[in-house]
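Data first, discussion second: the structure below is written as C-alpha cells.
Each chain gets a letter, A, B, C, D and E, in the order it is written, and its residues are counted from 1.
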Amino acid sequence: MKINTLVIIKRKPWFREAFRVKYSVFPDVWEKALFFAIFSFVICLLHSVGFPVQQPILSSLIPTIVLGLLLVFRTNSANERFWEGRKLWGGIVNHLRNLTWQIWVNIKEETPQDQEHKINALNLLTVFAIATKNHLRSEGISEEMRPLLSAYYYHHLQTSQHLPLQIAAYLGEYLQQEYQKKHLNEYQLTNMQQLINQLMDMVGGCERILKTPIPNSYSIHLKQLLLIYCLVLPFQLVDQIEWWTIPFVSIVSYIVYGIEAIALEIENPFGRDRNDLPLDQICQAINQNIQDFILNQKR
Amino acid sequence: MKINTLVIIKRKPWFREAFRVKYSVFPDVWEKALFFAIFSFVICLLHSVGFPVQQPILSSLIPTIVLGLLLVFRTNSANERFWEGRKLWGGIVNHLRNLTWQIWVNIKEETPQDQEHKINALNLLTVFAIATKNHLRSEGISEEMRPLLSAYYYHHLQTSQHLPLQIAAYLGEYLQQEYQKKHLNEYQLTNMQQLINQLMDMVGGCERILKTPIPNSYSIHLKQLLLIYCLVLPFQLVDQIEWWTIPFVSIVSYIVYGIEAIALEIENPFGRDRNDLPLDQICQAINQNIQDFILNQKR
Amino acid sequence: MKINTLVIIKRKPWFREAFRVKYSVFPDVWEKALFFAIFSFVICLLHSVGFPVQQPILSSLIPTIVLGLLLVFRTNSANERFWEGRKLWGGIVNHLRNLTWQIWVNIKEETPQDQEHKINALNLLTVFAIATKNHLRSEGISEEMRPLLSAYYYHHLQTSQHLPLQIAAYLGEYLQQEYQKKHLNEYQLTNMQQLINQLMDMVGGCERILKTPIPNSYSIHLKQLLLIYCLVLPFQLVDQIEWWTIPFVSIVSYIVYGIEAIALEIENPFGRDRNDLPLDQICQAINQNIQDFILNQKR
Amino acid sequence: MKINTLVIIKRKPWFREAFRVKYSVFPDVWEKALFFAIFSFVICLLHSVGFPVQQPILSSLIPTIVLGLLLVFRTNSANERFWEGRKLWGGIVNHLRNLTWQIWVNIKEETPQDQEHKINALNLLTVFAIATKNHLRSEGISEEMRPLLSAYYYHHLQTSQHLPLQIAAYLGEYLQQEYQKKHLNEYQLTNMQQLINQLMDMVGGCERILKTPIPNSYSIHLKQLLLIYCLVLPFQLVDQIEWWTIPFVSIVSYIVYGIEAIALEIENPFGRDRNDLPLDQICQAINQNIQDFILNQKR
Amino acid sequence: MKINTLVIIKRKPWFREAFRVKYSVFPDVWEKALFFAIFSFVICLLHSVGFPVQQPILSSLIPTIVLGLLLVFRTNSANERFWEGRKLWGGIVNHLRNLTWQIWVNIKEETPQDQEHKINALNLLTVFAIATKNHLRSEGISEEMRPLLSAYYYHHLQTSQHLPLQIAAYLGEYLQQEYQKKHLNEYQLTNMQQLINQLMDMVGGCERILKTPIPNSYSIHLKQLLLIYCLVLPFQLVDQIEWWTIPFVSIVSYIVYGIEAIALEIENPFGRDRNDLPLDQICQAINQNIQDFILNQKR
C-alpha cells in the first residue's frame, strides 16, 4: 500500500524509547548542560573554600510559573508553525490529486495527441510539488524535474524567479487552450482554475511560515530568562546539597533548554533536519500516485 | 432511530465508574507502576539498612509546573488529532449523504436502466467509505465491498494502488456520462464534482493524521522527564514516610504515565483499539442510511 | 422584539447570585460532598480515639497543578462541545432564514397555486428545524409538525428513518420542480441546493457531537484522580485541624466535583436539562420569523 | 483619513495609566472591596478581643491554581465573545463595502432614474447596518434611518418584526428587478445574493452571542469560589498581620473580583458601556464611506 | 531567489543571543527597572536605620499564578493580533499573485493596446498593496505609486477618502470593460471579482486589528497588578537579603514588565517599529514578482 511509504508510527519499548539519543534533543543541548556543570563546579569550589556564595532566597527570582508558561507559549507557537506547514502540504497533495482525476475525467480526448498533452499536464502537477519544495529551500530547478518536463518548459523555467507561480501559469494556459478547443466547459474550467489558485495560496502560506519567525523580542526575552534561571540555580542549592549541585544544575538546564531546542528545531519545518517534514518522500509519493493512476486508467 | 446504532453516552454511578478497569488505562500502565514499586522497594531496603539514600532537595529537580504543562500539551495534541479524525469522518458521512439526495433528485431517469445505474452509484458511495476505512488500516479490498460492486469494478479495483482515489474517479465518470446524456445540467455536475473533491480532501486529511506523528523530539523529551521524575521520587520521600514510599510512588507513576498512555492511545484514532473511532459501525450506518433512502423513495 | 423571546442575560445582585441553588451544581454534587463528609467523620473519629491515621506528606501525592490542568482540560472540552452545538444551531437558523427570503424573492409566481406551494415550502423549513430537534433527542415525528405538513408528507414521513434527510429531499424536489417550470434559473437552483447541503452538514455536526463522547479513558482517569485526591485529604488534615476536617473536605470535594459536574452537564447540549440549549424556543422563533415574513410580504 | 474617526490606541505614561480610574474596573468592584474590608475589620476586632478566629490551614481550602485557571477560563470565554462580535461587525463593514462597489460597477445605468435607484440601494446598505445595531439593542426603527429611506420603506418597516431580514429582502428584490431589466447577468446576481446571505449570517452570529450567555452553572460556581476564597482570607491572616488584614483583603478581593468584572463587562459587546464596541461610530463610518464613494464616482 | 529578500531566520551563538540589547525589550523597560531599583534603595535605607518596613506575608498578596496567567493571556492576545496581521498580508500577496496570472492567462489580447491595458491593470495590483500599507499608517498617496499609475488615476486618487476601495473599483471597472469587449467569459469575471472582494475583506481585517485595541479595562487591570506586585516586593525581601533587594527587584521588574512591553510592541504590527511586519519589503517583493512575471511571459 502506498500509505506505507511515508512515516509510520512505531512504538518502541517505553524504557529504551527514553534513551534514543539520536532523535532526542541531546545533540543540541549537551554543550549548554556542560557549561552549567562547569559553572556549578566553580561555585561549589568557592563554597567549599568558604566563600559566602549561597543565596537561597534567589529561588523566587524568576517565578517558576512565569518561566513555565513562557516555555509552553514558545512550544505552542513552534508547534503551530509545524502543523500549519504539514496541513499546507497535505492540502497541496489533496489538490494535486483532485486535479489529477478532474483533468483525466473532464477533458475530452479527440486525438492520441490530446492524451499526450493530458499526461504532460499531469506530470506538470508533480513538477509543481517539486518546485514548491525547492522554492522553500531556496533551491532552483533540479535534476529530478527533467524527465517530467518538455525541453521547452525545462529551458524556460531556468530564468523564472518564482517557479511555482510559473508552473501554475503553464497549467492555466493548458486549461485555457483545452477550453478553447471545447474539450471542457466553462464551469469546469473555472473550477479547476480555482484549484490552481488554492494551490498558489498554499505555496504562499508556506512562504509566510518560512519568512516570519516569532518576534525577536520574545525569543530574546525567553533566552534571558533561561540564562538567569540557570545561572542563579547553583547559588540557591550549594549550601544544601553541596557537590550534588553539579549534576542537579546540569539536568535542570538540559530540561529547560531542551524544550527551547525542540521549539527551534520544528519551527521551520521545510528543511532537511531530522524532525522536518519528509518533503522528498511526499513528492515521490505524489509522483507515484499520478503514474499509477495513469497506468490504471489506460488498462 | 438510526442515531442509536452508534456510541451512546451513558452515565454509570460515579463511584463504580472510577473502577472500570477495562476502559481505564490500567492495562497499559500497570507494568510501569509495578516497576517503580519494585524500584522504591529497593530504595526503602537500602534506607532501612542505613544507606544514605534520602535526598529531599531533589523535589525541585523537575518543576511540577513544567511537567504538568508538558503533559497537558501532549494531551492536547493527541486530543486534537482524535477530534480532527472524528470531524473528517463526520464530514465524509455528511458529504456522502448530500451526494445521495442530490444524485437521486437531480439526475433524470428516462429508462429503468437509468435507475439501476443510479442505485449502483449510490452503492459506490458506501464502497467509498469502506475503501477509506481499509486504506487507513493499510488493508486492501475486502469482502464487505463485494455485494455493492459490479463484477467489473470489483476486478478492476484489485490492482488499484489507492482505492478511494479510484472510486472517486468512477463516480466522476458516472456523473460525466449522465451529463453527456443531458440528465443533469452543468452547474449540478460541477457542484457534485466539488463534493467529490471535498471527499478526497477528507481522505487526505485522515492520511495526514495517520502519517505525521507528533515530532519525535517532543515525545522523547517528555519520556525522559517522566522517567527522571519517577526515579527521583523515592529518594525524596524515603526519609519521611519510609515503607509507605512504595504505594506512593506506584500511584504517582500510575497517574503521570496514565496521562501519557491516554495520549498514545487516542493519537491514532483509525485503528481497532478500545477507544478508537467506531469506523466499522459508521460504515454500516452509511450503508443502512442509503438503503433506507432508496427504499423510501421507491415506495 | 423577537430578540427577547429567547434567553436574556440579567444581572442579579452579586451576593445573592452565588446562592442560586437551583442553577448551581448543588443538586448534582451534594451526595458526593456528603459522602466525603461522612468519610472524614470516620477518620476524625479514629484519630480522636488515637489511631495513627494522620499522614501529612500525602498532600503531594497528586500534584495540584496536574489535577487543575486536567480539570480545565475537561472543562474546555465540554465547553467546546456546547459552543459548537450552539454555533451549529445558529447556522441552522441563519440558513433557514436565508432560504426563506431567497425562495420568496427568487421563485416566480404565475398562479395563486404557486404561492401556496411556496408557503408550503417555507413551512417545510420550520419542520426541518423541528425534525432535527427530535432527531437529536431520539424522538420521531411529533404533533407540532402536523399543522405545517400536508397529509401526504405527514404520512410518508412516518416510515422515514432519518427525518431531516427526508425533508431535505422534499425541499430539493420542490426546487427541482420549480426549476423545470422555469420559475428560477440554474444558478439560483444550485445556490439554494448548496444551502440545503450546508443544512445537512450542520445536522451531521450535531449528530457527531451527540454520538462521540470524550474518550472513556480520559473521563475515567480524571474520576480516579478526583477520588484519590478527596479520599486522601482527611489523612493530611486531621492532625492539624481535627474536627474542622469535616466541613473542609466537604467544601473541597464540592468544588472539584462541581467542576466535573458542569462539564458532564453541558457536554451534551441537545437534551432537556436546565443548562441545555433552548431548542424548543429556537424552533418556535424560527416558525414565528417565517410566519411574520410571509404576512409582511403579503401586505 | 477615515481611519482616524474610530478608536485610536494611544500610550499614556505607564505610571499614570495604572490610575485611570474611569476606564478601570474600580467603579464595578469598589463595593465588594469595601464589603470585605468591613468583614475583615469585624474579624480583626474579634481577634483583638481574644476570640480564636485564626485558622491558618484554610489557605489550602481553594487551591490557588484551580481558582486561577477558572478565572482565566472565564476571561477567555468573555474575550472570545468580544472578539467574535468585533469580527462579525468587521465582516458586516467589509461586505457592505464590497456590495457598494459591485452595485456601482456591475449594474448598468440606462436612464438617470436607474442611477437614483442605485443610490437608494447604496443607502439601504447603511440602513442595514443601523438596523442591525438597533436590533441588537432591542430597539426598533430610529430617526437616523429616515433620511436614508424612501417614505414607503420607512412606513413598511414600522411593522416588521426583524428589521435586518426585511432590509435584506428589499435588497434582494432590487437586484432581482435589475436582473429582469437585464442590467446585470445571472452570475453577478447570484454572487451579490450570496453576499447578502453572508450578511444575514453575520447578523445571526451577533444574535447568537447576545442570546447565549455562558452556562449559568459556570458563572455561579465561579462566584461561589470567589466568595469562599475571600471570606476565608481574614481567618488565615489575622494571626500574623493583625490590622493589616483589612487593606490586604480589600486589595485581594479587588484583584480577583476585578477579573470577573472585566469578563462580565465585555461578554456582551453590543451595548452602550464604556468598553463596548463603538457601533454608533462604525455605522457613521459606513455611511461616510458610501457617501464619499458616490461623490467620487460622480465627479 | 526572491525568497531571500524578506526576513530570514538566522541562529546566532545562544550565549550572545541573550545579550542582543538592540532587539530585546531593554530600551522599553530600563526606566521602570531603574525606578524600582531606586524605590528599593529607599526601602533598604529605611530598613537599615531601623524602620520596621519588612512585611514578609505580603508575598501572597498577588498570587503568582494569577499574575502569570494574566501575563500569558496578554501575551497571547497580542500575539494573535500579530499573526492575524501577518496572515492577512500573506493573503493579500497570494490574491494579488493569483490575479496576476489569471488576468494574464484569461483575458484575450486582440490589439497591442489590450496588452498595454493588461500591464496597467497588473501595475494597479502593486498600487493596491502600497495603498493598503499607507492606509494602515494613516498616510495618503505616496511617491512610490506615481510610476505605476496613469496621470489620470494619480490625479483622481488624490481626493479619494479610502484608497484601497477606490483602486478595487478601478480593477472592477477594467474587468467589466474587458468582459463587455468579450475578452473574458462571465464565470471568469465573477471569479476574479470574488478575488477582489476577498482582497477588500483582508484590508478590512487589517483595519479591524488597527482600530480595536484589547479592552481598556484589561490593560489597566494588568498594569495595576504589575505595579502592586513590584511595589510590594522590597517589603517582602528587605529583612532577609538586605541590600541585595535592589538588584533582585530590578531584575524581577525587568522580567515582568518586559513581557508586557513585548505585548505592547507587537499588538499593532503595521507600524515602523523594529519588530513590526516588513510591509515596505513585502510591497517591493510584490512589485518585483509582477514585473518578473510580465518580462518572463513576453520572452
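The rule is simple: contacts are C-beta pairs under 8 Å (C-beta built on N, C-alpha and C of every residue); 3 or more make two chains touch, one makes a residue touch a chain.
Model, not experiment: these values are computed from the prediction.
Peer 1: Which contact partners do subunit B and subunit D have in common?
Peer 2: C
Peer 1: Chains in contact with subunit C and with subunit D: which ones?
Peer 2: Common neighbours, subunit C/subunit D: none found.
Peer 1: For copies subunit B and subunit C, work out whether under half or over half of the interface numbers are shared, and give different or same accordingly.
Peer 2: The interface of subunit B with subunit C is built from mostly unshared positions.
Peer 1: In whole angstrom, what separates the CA-based centres of subunit A and subunit E?
Peer 2: The computed centroid separation for subunit A versus subunit E comes out at 24 Å.
Peer 1: How many angstrom lie between the CA centroids of subunit B and subunit E, rounded to a whole number?
Peer 2: Roughly 39 Å separates the two chain centres.
Peer 1: Check each residue of subunit A and list the ones that touch at least two other chains.
Peer 2: Subunit A, residues with two or more chain partners: 65, 69, 186-187.
Peer 1: Can the chain contact pattern be summarised as a line, a ring, a star, a complete graph, or none of these (other)?
Peer 2: Chain contacts: single closed ring, each chain with exactly two partners.
Peer 1: For a quick check of the interface rule, what order do the chains take around the ring, beginning at subunit A and passing next to subunit B?
Peer 2: In ring order, starting at subunit A and going to subunit B first, we get A, B, C, D, E.
Peer 1: So in the complex, which bits of subunit C are touching subunit B?
Peer 2: These residues of subunit C touch subunit B: 32, 55, 57-58, 60-63, 65-66, 69-70, 73, 77, 135-136, 138, 140, 156, 159-162, 165-166, 168-169, 172-173, 176, 186-187, 189-190, 193-194, 197, 200-201, 204-205, 207-208, 210-213, 215-221, 223-228, 264, 268.
Peer 1: Flag every residue of subunit D that touches subunit E in the complex, lowest number first.
Peer 2: These residues of subunit D touch subunit E: 1-4, 6-9, 11, 14-15, 17-18, 20, 23-25, 59, 64-65, 67-69, 71-72, 75-76, 79, 82, 86-87, 90-91, 93-94, 97-98, 100-102, 104-106, 185-188, 191, 195, 237, 240-241, 244, 248, 251-252, 255-256, 258-259, 261-262, 265-266, 274-275, 277, 288-289, 292-293, 296-297, 299.
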